[in-house]
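Structure in structure tokens, see below.
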Amino acid sequence: MTRSIEFWMTMATALLLGTVGVLLSVWGNPENSGICVSCFIENSAGALGLHDNGNMQYLRPELIGFLLGSTASALAFRDFRSRGGSAPLSRLFLGIFLIFGCAVFIGCPIKLFLRLSAGDLTAVAGVAGLLGGVWLGLRGLANGVELVKPSQGNASGGHLIPVLFVVLLIFLFMRPEFLLFSVKGGGAQYAPLSVALAAGVALGALAQRTRFCITGSIRNTFLMGLRTPALWGLLVFVVAAAVSSMVSGRFNLSLYGQPGAHLEHVWSFLGMGLVGWISVLIGGCPFRQLIKAGEGDADAGLVVIGMFIGGALSQSWGIAATAAGVSLYGKVAILLGFAFVACGSLLYRERSR
Amino acid sequence: MNYFRILNTAFALLMLLMVAGCSSEAKRPVVKIGYMLCNSEEETMQRFKPLTSYLSDKVGVDFVMVPVDTNDFEKRFKNGEFTFAHTNSILYVILRENHGAELLASEKRGKFGSRTAGAIIARKGSGIERLDDIKGKRMAFGPMLAPTGYMAEYDLMLAAGINPENDLAHYTIPSGSFKHEKLIYGVLYGKYDVAAAPILDIENMTRDGKIAADDFVILAQSVPIPYCTFASAKGTDPTLVKKVKDALMNLKPGDTGEADGEVLKVLKAAWIDGYEDLLDSDYDVIREMAKRVNMPPYQKY
Amino acid sequence: MFRDFFDKSCWGLLAVALTALLAVLLVDAANRDGKSARGSNKAMEREMAYHARVELINKLYGPVEVLRTAGRNQEALLKLDELNRRYPGEAHGHILQGLILQDMGAPDEAIASFVEGIKLNGDYVDDKSPLSRRREIQGLVDIRSKDVSARVAANPDNRTLAGLLQKTNYLKSRLAGGCE
């Protein structure tokens, strides 16, 4: 395993993700949110005017960097292939529920481990939920659930999402008036644009080459045990983040008083559980969906669109949790998400005769 | 004939069930709660009937309200006339120190939660601007066992070097009911120059539009001290005490109790916001005040 | 993609559309003269509305602040009560109440008031906001949190103290930051 270049590239990706994930907070991103795909999507949706929470409106350069870095890497290594066309509406809705799950936990799987490595013990329930969700997804796949078929064929449209993100990049630099920027709150906390963009591009490119994915790492570990490089990548990510947190003085081992965290552990568990389950069924966590969309996967592109819609609705409808706890709407959203996926598992299952 | 036999049997069974129901109700123990009169007996009964009914439902005993004048409270408590007591904080301290009463819950009401303060007030524009100005003036106090209507203000004056017995023109305590409101109105309409007014009454009267916030100058105000308190007599069944405490602590704005055939919201009827679990040590501030002012249970003759 | 007349027409149309787009953007940029492209600047409007709100709040609650500054805290509380009845649900009232109660030696009640205010509007712990009272709230939390924890440890069954600890922890979490 250690002889393969793939292994070392995965370690490098994980090391960079963990270190940069903390450094971006040091350089200006919100506490424990140096990298958080769901928070970035909510912020970017706000910047585009899709919701009106004045504290969460900023077009995150990291998000654009992830996708375009993946595109650049895919084009450079001739990996870019427009493909897709499988279960588009299902993917759209799954993308929405994916963000709902993250919004109730207050973070994506990357932020989950960043919080954990910063000593935030409220993330433990989220980790347990994510593991449970991935396991549930694997059980579903093993029992013939095929909510969405893998992306195949030469479906056109795979280039549209990268083109869209190029347009967003132009918006970021040109700053048209319809683009909103928070002057206070989480949306007003950001690392310098060039630094954030460069970090996003680098991570996007590396993640495209290595196929690094948090939920994928957990899935592979369940399937292949300790042999999989992905598990070691996950561990390196966590250790790198923990060391960076300690060195930067941001490590605070406690259940209480953690930034952007609530104490409703059951809903943290369920939120991440939903994320884990959906991620396995659609082939990757929110970060991985961005990377795949950058490579020309139109199906992942639709998930990304769904995530933007989910990000907007999380803020507009009060689904997103806060330090005060999880709202009724958040709880309803999670339970509806589980019901949706459970229904899909029943309806779209290959049953042996 | 069979039909009549069946009917008779059914009727007998029904009667048996009804009687059984009656006798199970009659088995509920009766427990008395002594309620110290606040402004008047009528108001006290009106305020706390729904609460008493609520406690009966939750605890499974028949609580009976016993309205008691402040000055008679200690004697009647000592005589065992009631098991639970709802009093002000100085009376709780007296019952605790002299008779071993146990603290159950403290009532939340007003800005300071389960605490409130006493203030010395004068009418705005009367020329009395500072505490020193009250020397030689006419003052009204609340009843002597009122922690924020007498004790706290007396303490404030002593701390400022003013002797209420010597340095005032005279002081009086209004007679009858609603003493606190009477002395506040008394200052407003010039009957008294200054008064010892509980902050809670000032807050309530302002909220009800009876007075305006701008009508008075607050010359001095005590630190917040605990106020209305539920206590139990020493030796009361611990299970019963716990049930009553749980019922009080779990009270929510939507909880109801019956009063004279009506179902009313308990907290709203009682004019309170809930109950808090204070410690007996939280009442030490009352003890220290009582010692300084030479009040029961620490008075020296 | 350049085989027949139809292909060529599409290319031509594409070229015309892109050229026209560029021309429109360039001409507009040259003629804009600082004015907004859509007739109104949403971001500016929002900023002005926010500043107007802050001004209004300061004006409405000004008399309370004056009394507080003069040390007449109880009168400030009574005045605040009147305003709170007129504007229930306005976070500023809760925050001001917390500040006054803190001054009056009622820190536990101050914490409860701050929690209510911040739940309604997180600007009061945001340094970037003109409404920020972060310093005062942080100060209270720093002083009280050890004391509250000690009291809870000494009285583990006390529900009031448990509730107070929860509120203190909520303030600590909001002060720690994060995206909300």
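Think of it as A, B and C in the order they're written, each chain with its own count starting at 1.
In this section, a contact is a pair of C-beta atoms (placed from the backbone, for glycine too) under 8 Å apart; a residue touches a chain by one contact, two chains touch by 3 or more.
Because the structure is predicted, anything quoted here is derived from the model rather than measured.
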Chains adjacent to subunit B and to subunit C under the stated definition are none
Ranking chains by how close their C-alpha centroid sits to the total C-alpha centroid puts first chain C
Between subunit B and subunit C, the Cα-mean centres are separated in Å by 40
Between the Cα centroids of subunit A and subunit B the separation in whole angstrom comes to 57
Taking each chain's mean CA coordinate, subunit A and subunit C are separated, in whole Å, by 27
Note: in the complex, subunit C contacts subunit A through residues 36-38, 41-43, 46-47, 50, 119, 122-123, 126, 128-129, 166, 169-170, 172-180
Subunit A residues touching subunit C in their complex are 30-33, 36, 39, 42-43, 49, 54-56, 106, 176-181, 183-189, 256-263, 322-324
In the complex, the residues of subunit C that touch subunit B are 72-75, 77-79, 81-82, 85, 97, 101, 104-106, 108-109, 112, 155, 158-161
In the complex, the residues of subunit B that touch subunit C are 111-115, 117, 119, 199, 202-203, 206-207, 213-214, 216-218, 221, 223-224, 249, 276-279
